[in-house]
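Residue numbering begins at 1 within each chain, and the chains themselves are lettered A, B and C in the order written.
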Amino acid sequence: MVDLLDVDHLGIGIARGDSTVSLVEDVSFTIRAGESYGIVGESGCGKSTTIRAIIRLLTGKARITQGSVRFDGVDLAQAKESALQSVRGAGIGMVFQDPLTALNPVITVGQQIAEGLRYHGVRSAPERRARMLEAMRLVGLPDPARIAASYPHELSGGQRQRAAIAIALIASPRLLLADEPTTALDVTIQAQILRLLTDLRSRLGMALVLVTHDLGVVAQTCDRVAVMYSGRIVEEAPIRRIFEAPRHPYTVALLNSIPRGTRAGHPLHPIAGMPPDPAQRPPGCSFAPRCPNRQEDCEVSAPGWTQDAGGGGFACFHPALATAEATHG
Amino acid sequence: MKHWPRNLKLGLGLMLGWILVAIFGPMLLPGDPTTMDLMHSLHPPSLAFPFGTDNLGRGVFTRVIYGSRIDLQIALFCVVPAFVIGTTVGMAAGYFGKLTDAISMRLVDIAVAFPFFVAVIAIVAVLGPGLKNMYIAVAAVGWVSYARITRAEILVVKQADYVQAARLLGFGNTRILARHILPNVIVQAAVYATSDAVLDIFLGSSLGWLGLGAQPPLPEWGLIIADGYSFVSQAPWISGFPGLAIVLLAISLSLLGDGLADALRPELGRA
Amino acid sequence: MLTYILRRLLLMIPVALGITLAVFLLVRLIPGDPARAILGIHATPALMAAVRARLGLDRSIGVQYLLYLKSLVQGDFGISYYYGQPVARLVLNRMVPTLVLLLYSTVISLVIAVPAGILAATQQGRGADHVLRVVATAGLGLPSYWTGFILILLLAVTFHLFPIAGYGNTWGARLYNLFLPSLTCALNVAPLVMRALRTSLGEALGAGFIDTARAKGLPGRVVLLSHALRVAILPALNVLGLNIGFLVGNTVLVENVFAVPGLGQLMISSIGTRDYPTIQMVTLMFGIIVVLIYLITDLGQIMLDPRVRRSEIG
């Protein structure tokens, strides 16, 4: 398979006063055509910032400070605004967290879905409308003609998120970025939306990058997963390996904090402590203050990247054993 | 003081300056604002007459400085009665509710249907021109805004825990109003009063300009501007400088008001 | 929609009655004997009696008000003491210039405030924003009779671009003649609208739907104008509607500055001539204009904002 997206040593910072606080440091990953990739971490770890940076939709004063984001051989980190506009929507689509605020309240849903096509070369209005209705059927919106004429406030949360997905994929992007697409939804709707995303990915053959704080969501949806902590990727692996043999102590801790209702008596282990303030990260490993495996060297320098045999890797001096079933029972 | 917003410090400073000018300016100036001197009529600005002279040879600078007394007085005499009447009505309406509320709010509905300016002019029209009648007219319609603000604020504060607690402890209405509600409400009304003062200076000078407010030979700014109208091309300084004075006073008050609002916002949030 | 408009019109009845009551009471404020005040000291007893009878001064105040209402309903607004013709005809003739002035200055305020608001919101915290904020504060402090003076001085006296005063006989001439008066009014209102737009557009630009719009690949101009502005303009228009009383007040001044033969000029000249029936009806008309504009603002809000449309009409 071919690399569709190549994020290389990406750094993102935000100016605060005279200095720059680094939000994301040295993040690298590649997405192959058609694959599904998850990015997991606690809120504030930089996962949303990372995928927003891919199409340069950073909020406020955040800026890409180093590295590259190659899509189709073009470095989006350096690209001009006009080049970005042709990639946004047509090359890379994006779905956001909160369907309540993601849609414009005073424009009809249909218009919002069809609108993007106009700027991606579809000149004919009837064709735009036909594709809009098709996209709406594809995302499972019932009675598309009626919903197309509705305003967002007339739709349910799930319907709104489906409409947002239709907006993201109407111009047939090869990569869909989804930033916590189910967090703001009811549990039953969450499952539906995840199933829809998985289904659309295989039907349309596009790649998916899914950002979430929920390892369970990743387990259902993704082929590979990266775990982020305090602005860095601390572990990356195929999905099975992450669940069966997590190497980074943070990944282990994250797995232990998932409630598993089926196993009676299995205790829940929330991770003690708080992630560091990005402005005051410890000199060594950022996870060291909360890490059960911490040793002296952890506090001196940040661990480098260790490649493992199964196509993944981790950044830790004292990782869990490769066959560490026992760590999470 | 260090944490005061910049616009508040600037506004306070400028307003203090205006008050000093109004009090001491006339004492320090050698000339008189009403004495005519036809030998020196329509002189352009010079060292002797910094703002030039008008058609009757009166120094425009002297008149503008004396005028600051009148226009500041207009702001004060327009704001204070409206403030007192409005907050009282608003508190009564908001606190006692029911009939008091219904009656006073219908009065408010009617009063807001008329543009403030039109209503004042109409009342002055029947009472007769002059500053005193203008103050009466402003008091008659100006209280409405204060009543609305106060009532809205009371309705919020009334539900606050500390007011409910005071009521449970059996404190009387007067005491609850005076000790617990009044301070909160006054703050809101005071912020509004600064923008109201701008409006009143506007109104007062406009009425002066129309010949319905201050009467000649008082050196009220609007009146000076009206005097200069006939000399637009010959002597633009007559109308120009008093206009600048109004703008500067209005900006000073606006800054003070914005600054007050900024400074009190966190506190209002807590209340 | 129609039922909503009807309901709103019904709700206006008590306000309209209140307005007539206020206008009725206005003339009772005349100190001393109204008939004497109206007619002056040289009036003959016969004339005085006629005026008293007309005002119904010999009856109770309640009856007087009902009589007043009855004459209003019959379209009888009295005879102008000064012009000697029915006040209704006089006032209706003067309505048009005032309404044109109102509409014209509203358009000019928007033409000034919308681009300025966009500039301030997109440059928030930077140079252009600070400059615009200072200009807006100054604009709010400009008395319109003085702004009018400066504009006359600059554009009429110095550069001869516009006439000093007047109205005109053709619509073309009127639009030309009313440009300076309308601009003068607009300079007071535009800062209010600009400030409101700066705030609402600033909020809209940070909203989630802007991310969605940008992620579609829309050009920045389209994101700004057809997504952010479309949402942000609504509160700004509302501010404009709420300040219509202020704008109407300004037209009174501006009509007198530029000799526009509108209601405001009629009102001030009638004060000079103690023409109370005319003052009374002009005041009434101003009240009605303002209430109608409030109604239009409300309906406009409903037409433009689908969220309000739904909650109001159900």
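Quick note on the criterion: a contact is a pair of C-beta atoms (placed from the backbone, for glycine too) under 8 Å apart; a residue touches a chain by one contact, two chains touch by 3 or more.
By chain, UniProt protein names: A = ABC transporter ATP-binding protein; B, C = ABC transporter permease.
Quick caveat, the model's predicted, so the values are computed rather than measured.
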Farthest-lying chain, centroid of Cα atoms versus that of chain B (ABC transporter permease): A
Chain whose Cα mean lies nearest the overall Cα mean: C
Two chains joined by the most C-beta pairs in contact, as defined above: B-C
Interchain centroid distance [CA atoms averaged], chain A/chain B (ABC transporter permease), Å: 57
Centre-to-centre distance between chain C (ABC transporter permease) and chain B (ABC transporter permease) (centres being mean Cα positions), rounded to whole Å: 22
Centre-to-centre distance between chain C (ABC transporter permease) and chain A (centres being mean Cα positions), rounded to whole Å: 53
Per-residue overlap in chain A, given as positions that touch at least 2 other chains: none
Sequence positions of chain B (ABC transporter permease) contacting 2 or more other chains: none
Chain B (ABC transporter permease) contact footprint on chain C (ABC transporter permease) (complex, rising order): 14-15, 18-19, 21-22, 26-27, 29-31, 137-138, 140-146, 149-150, 152-153, 157, 164, 244-246, 248-250, 252-253, 256, 267-268, 270-272, 276, 279, 283, 286-287, 290-291
Of all residues in chain C (ABC transporter permease), those that touch chain A in their complex: 207-209, 211-220, 222, 226-227, 230-231, 234, 304-307, 310
Residues of chain B (ABC transporter permease) touching chain C (ABC transporter permease) in the complex: 106, 109-119, 121-129, 198, 202, 205-206, 209-212, 222, 225-226, 228-229, 232-233, 236, 239-240, 243, 246-251, 254-255
Residue ranges of chain A touching chain C (ABC transporter permease) (in the complex, touch as defined): 55, 57, 81, 85-90, 93-94, 96, 98, 100-107, 112, 115-116, 119-120, 151, 153-154, 164, 167-168, 171
